[in-house]
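Paired with subunit B in one complex and with subunit C in the other, subunit A is shared by the two complexes that follow.
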Partner chain A sequence: MRQTMPVRLGPAEDTLIAQLTSVGASAEADRMTVAGLPTRRVESYHYTDLKTLLKTVPPLATPANQASAPALRVAGAYQLMIANGVVQGASTAPAGVIVGKSAGGVLTSRDDVLVHLNGALAREALTLTLESSVDPVIQIDRRCEGDAAHVADAVKIFVADNGSAVILETFSGSDAAHVGNHATYLALGKNAVVTHITVDLSAKASSHFASNEYSLAEGAKLRTVTIHAGAGLSRSQVFARFVGAGAHADFTGLNLVADGQHNDITIDIRHGVAHTTSQEMYKQIARGRSKAVFQGKIVVERDAQKTDAKMMMQGLMLSDEAEILSKPELEIYADDVVCGHGSTCGELDEDSMFYLMSRGIPKAEAETMLVRGFIAEVLDPIEDEALNEALNGIVDGWLLGK
Partner chain B sequence: MADYDHIPTLKENIDRATVDSVLSLDVDKYKYGFETDIESDMAPKGLSEDTVRFISAKKNEPEWMLEWRLDAYKRFLTLTEPTWAKVHYPQIDLQDMYYYAAPKSTPAPKSLDEVDPALIAMYDKLGVPLREREILAGVERPNVAVDAVMDSVSVVTTFREELAKVGIIFCSIAEAIREHPDLVRKYLASVVPVSDNYYATLNSAVFTDGSFVYIPKGVRCPMELSTYFRINEKKTGQFERTLIIAEADSYVSYLEGCTAPMRDENQLHAAVVELVALDNAEIKYSTVQNWYPGDKDGKGGIYNFVTKRGDCRGANSKISWTQVETGSAITWKYPSCILRGDGSRGEFYSIAISNGHQQVDSGTKMIHLGKNTSSRIISKGIAAGFSDNTYRGQVSAHAKAKNARNFTQCDSLLIGDTCGAHTVPYIESRNGSAVFEHEATTSKISDDQMFYCQQRGLNEEEAVALIVNGFVRDVLQHLPMEFMVETQKLIAISLEGSVG
Partner chain C sequence: MTTPILEIRNLHARIEEREILKGVNLIIPPGEVHAVMGRNGSGKSTLSYVLAGKEDYEITEGEVLLDGENLLEMDPAERAAAGLFLAFQYPIEIPGVATMTFLKAAINAQRKARGEGELSTPDFMRAVKTAGTELNVDTDMLKRPLNVGFSGGEKKRAEVLQMALLQPKMCILDETDSGLDIDALQVVSKGVNALRAANRSMLVITHYQRLLNHIVPDVVHVFSDGRIVESGDKDLALQLEAKGYADFDGAAA
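Our next item is the complex of A and B:
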């Protein structure tokens, strides 16, 4: 009874197939030929129909010969750069940091088109080994430069047992219609403490895809902050797996979606062992005619007893044409767990606006104050002052319509 | 019976007796599993255009209905089976079942006395009152008009004259097609389009019977209406179709119950239920679904693939779904509300209990289209044994649905560590003034609660039953009185022995 419908391939898929073939990834090329880009019928892309959204793919990136101005500078940070997929030379690393390069992709294989593409197309990866506690903020500046290009790059970070670090990744570049497909693999050793922040500041004309994979050993503590404030089309994926008891993670994010944009944050958190906890807190703000998507999935595996996981998505609509779509999923196979999720969505509270305006605060300013209050929960836990200020600056910039 | 090998982890705090009773569950506890020996008139096996024509001819349907069915059948051939639900089952062979089975008896019994006594006995055994005078005699029993559907035909409909006095039409859908073609043509497939989904399209082609309810303008239905579905014959699918129309300012409460014999084969039940509520009308639809869930190894049981949808077509109309799901090997249903009329309201209250190897993927859809529409979803899932229990629900507000309001609460309870509970909500807000709230929790019965109850002298199972009944109370209180008692018993039966 079941028929397989032949997939009609569009120009973006044709380009991707040619690019995959040109780098010798024939298996991936075949996969793309058979399946094409995911449509809304693919459950994990339910709200982000890449087949319609990604119309064209520019040619594969060549090494960049110029660089645009840095999108974000944090005072005192140790800088590393990857431009158009090529790892750039770096200054002397601070104590405890070993910088290196490796070939190919960094993510473990999974059935996801962006992961497949990155794995096949990323030529080299920046590797970072953090042997102990690292004081300065480590900033990895990932760029798509020059004419429109399809960029695939990768970063692999190991944090040794008892190590700690604050790692900031920024994504930016020239104003061309790039397609950036970025991958980061971050493994936390026993009792390691890491804050990992990714900020998409790429051009509005570009498409930004990022897949971050985390592995948490015993007693590790992780905080992630995913911020979208750039590309017109974006999807950030967070794949995390708890492999050691006593590990805890806060997964947080801000999805700032302006007129004409479609931004998606998708997370997939797997509690694989007993006694692990996680808290997910994502905030989405949409204005103009735009789409903000959050898909969250917490999986508690059979053996992961005593898991405590709480997921929260809060959406704020600043216009009537905006759409906020969310799918907070729980998939639970262990019985002795406490799991919950919440999702709310609405506009700015009229009473609060009235309160502020009745005290003489102009409307625009009152709005800004309330929005700042709304997102404070996500940014406040970032302790490094310079970094906190820089991130708040991004939000302020977005609010002013930059 | 003490076969512990296939239980992967035996926690130290579970005693053996509990495990024994979990293992002995489901098969022994399904009390509607008997089979009634009634001679049946069957259609030739398999699905084909001839089968469709056969059913239509059997039902003495007018030409337009046959055309309608054939059109549905043609569309069905172009569709593929959906696979997105979190349920796993072997491919269903649609050619290896019967699409029509009718108890062979004298054509169209005029009164209950002419109905085959074996049939009456069967319904008596199920606890469904078909004898009007008995019901009338018993003072305490609330009035319920029943339409009993066995396999492919409606056997008997009670209280018809009484209902006709106030203008209510309550009959089988086959009869409605013959007697009230205008109403049927106007409303049939207006809520669930012919090719809405795979199983709904199949149903449109081969549906055999079901209930038809028409409540005229301004009438408040004086009694509960009820349909009782029973699959009896082997290798048959049941495809029933229910259509309820509530004209302006009317009210009706409708109950549905289902059971089937215990067999080691899987039987398909693919129904379509359509509700239409016009201005200020209210429809309350309650289901106690207790199809045979299969034995302890997951063998047999009903595949319950149902499309239920209500259309709040008029302003300020209201549709509420209340369901108690305890049966079926696989449940795949999403009673939905399309909130089209301004100010309309949709409600969904659900208790889904799964045990043994049952798989439940159920939930609702609230589609807000009109202004000032509101909806509320309360779903309680309880998983025990080796079952998987998924809540899947969609709430969406259209750009024009100003001030749409939704509140969703879905809680899951896990009993034992070999089951799974999942929540998959789709929350789609397409307009700034819509306010959506969603919360979900998953937990097990806390030790504190158990300690509190046991310390006051309840044994472990009683304590679990008490806590579970408290857990589902929000939903239970929306059930009509006579169902509430039955449901509380059902919950006790379904969970008995699953303490963990």
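Our next item is the complex of A and C:
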């Protein structure tokens, strides 16, 4: 009994409906049948029309037991792995870390197709409880292995009051046309200090979708870094909610978009209580014929007086055929707040290039220096030297078109 | 005859349909310092940019040889590796690039292009320190992003510091004296003079005869409307100072 006109469904949607039905998620299957994948007419998918961009969806993943080297080597990091949605065995956890598993998805409900799909399809979640200050970088290697597969996986992290950690998640796998749908829920206790970095390094043929949800208690400090340097089609969503006074977060990211790619970072930051602050700083670099999308929404709820939020998007076009899009949105329901946003877009400065080259620095190296300068604001705050080097290495590799 | 370090033959260049260089001829033998003086807008900086390889200009005629090599076929980095150095009239500020990183990259890129090995970090630091002391450049300043927040005079001193580190064959100094205080002028001139050598030549663009008391040129050229209209010894600069350009380029002052 459908009231609405049925939408015309494509092969990707047909596969998704069958997959949802096969796991018993009939409500989600119905929803997909009625609404289909979002098109440009859905506001939050205006620039990333999934109906057009996601042409096919591969079969649901079968478990893989892969023990290959991590996608990114960071000296001294504690390694965890999820392969094709299955949490892999891990070595002894460092002090203050409890590693576990739970059934099902991890995100709170939200009317978003990627969130719905993950909730229905993720079978188990890796859970981490961080009880105190954790010394080594925690690296979670999330992989899509074998033949092209639709992979849903999930991670849930609780950081206790006064705890601190640096958490790196990398997304990678075989070269097949996977569709990865990843979810991370991260709750920061009072005065917890967390850096959470997600890096997409998956194959160009694949599609990468990630939804990260954050909750910040009183006095918590969070830094997020969302990096896209892999999949041909990607969308990373950052949903954050401030629930305790005195909390602060820096939401940052690098959207590195190569020829033929469409990569989207969409953030939705909610200041729910008084006296919280956030700074959003996203940099997009696009080359070839490509599209980079940033959507930044900040919501200041009625009780969230004294909110201070500043959002910035800076774009760097390395070709005339690249497109860099930015949609900032401020929704402010409190009256005593400081909120602002800005965005700029440009090419590499010719005079700077000439100056560097006039000192003997070859063109490619000069470009790398300027791009490193452009992104420094995002990577410089990463204090762990090995991690900082590894992240800069990703950018250098991307520039070389690896 | 020995090969000149720089040889410019009938060089014409235009920008956006406007001809700026209208037949420049200039030969600088090894070891010589030539000064170029001329009115604002006569094309002196344009000449320096064209020599360094800035893209904006279209070369319509002429030839430039650097120590016998065809300069115009090289990109700016290749020209630098071949031994050309331009001290900019207006050095560019580059936020996000640390001065030290830049200096090291420049030195090592040139060494690599010449088939030499990289300079070790201690050797590099020593070289920077020595040059910095000679030119009164505070090495703390070099921890900042390239030229960012440097005063006008500091920028000029940093240019000469780069020149001292890179040891070019052919130095072009575009108004390096402007913006320098009296003491800085002495220090910079001393630094430049220290670089004078039998196998290194210099082209010094300036508006002020005063600089030429410190850096004494072998030849002085008067530049007007895109070409050299008069050449002479260092006394030519004194005549210019006394009488202005009108006697030399025929235009009203």
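The rule is simple: the second predicted complex is superposed on the first by the 392 of 402 C-alpha atoms of A that agree within 3 Å, B and C clash if a C-alpha of one lies under 4 Å from a C-alpha of the other, contacts with A are read in each partner's own complex, and residues count from 1 in each chain.
The working rule: a residue touches a chain if its C-beta (ideal position, glycine included) is under 8 Å from a C-beta of that chain, and two chains touch if they have at least 3 such contacts.
Every value quoted in this text rests on a predicted model; they were computed, and no experiment measured them.
**Q** Is A:90 touching the first partner subunit B, the second partner subunit C, both, or neither of them?
**A** neither
**Q** Look at A:274 in the shared chain and tell me whether it touches subunit B only, subunit C only, both, or neither; answer first, second, both or neither.
**A** Neither partner.
**Q** With both complexes overlaid on chain A, does A:160 touch subunit B (first), subunit C (second), both or neither?
**A** A:160 sits against neither subunit B nor subunit C.
**Q** Identify the partner contact of A:362: answer first if only subunit B is touched, second if only subunit C is, both if each is, neither if none is.
**A** Only subunit C; A:362 stays clear of subunit B.
**Q** What is the contact status of A:99 with respect to subunit B (first) and subunit C (second): first, second, both, or neither?
**A** It touches nothing on subunit B or subunit C.
**Q** Counting only touches as set out at the top, which of subunit B and subunit C does A:35 meet: first, second, both, neither?
**A** Neither partner.
**Q** Between subunit B and subunit C, pick out the one touching the greater number of residues of subunit A.
**A** Counting contacted residues of subunit A, the larger count belongs to B.
**Q** Return the residues of subunit A at which the contacts from subunit B and from subunit C coincide.
**A** Shared contact residues on subunit A: none.
**Q** What does subunit A use to touch subunit B in their complex?
**A** On the subunit A side, the touching residues are 1-3, 5, 41, 43, 46, 302-303, 305, 315, 317-347.
**Q** Write out the stretch or stretches of subunit C touching subunit A in their complex.
**A** By the definition above, subunit C touches subunit A via 52-55, 75-77, 79-81, 85-86, 88, 91-92, 94-97, 101-102, 105-106, 109-110, 113, 145, 162, 166.
**Q** For the complex, which residues does subunit B have touching subunit A?
**A** Listed in rising order, the residues of subunit B that touch subunit A are 8-9, 80-81, 84, 91, 94, 399, 412, 414-444, 500.
**Q** If you look only at subunit A, which of its residues touch subunit C in the complex?
**A** 350-352, 354-363, 365-366, 369-370, 372-374, 376-377
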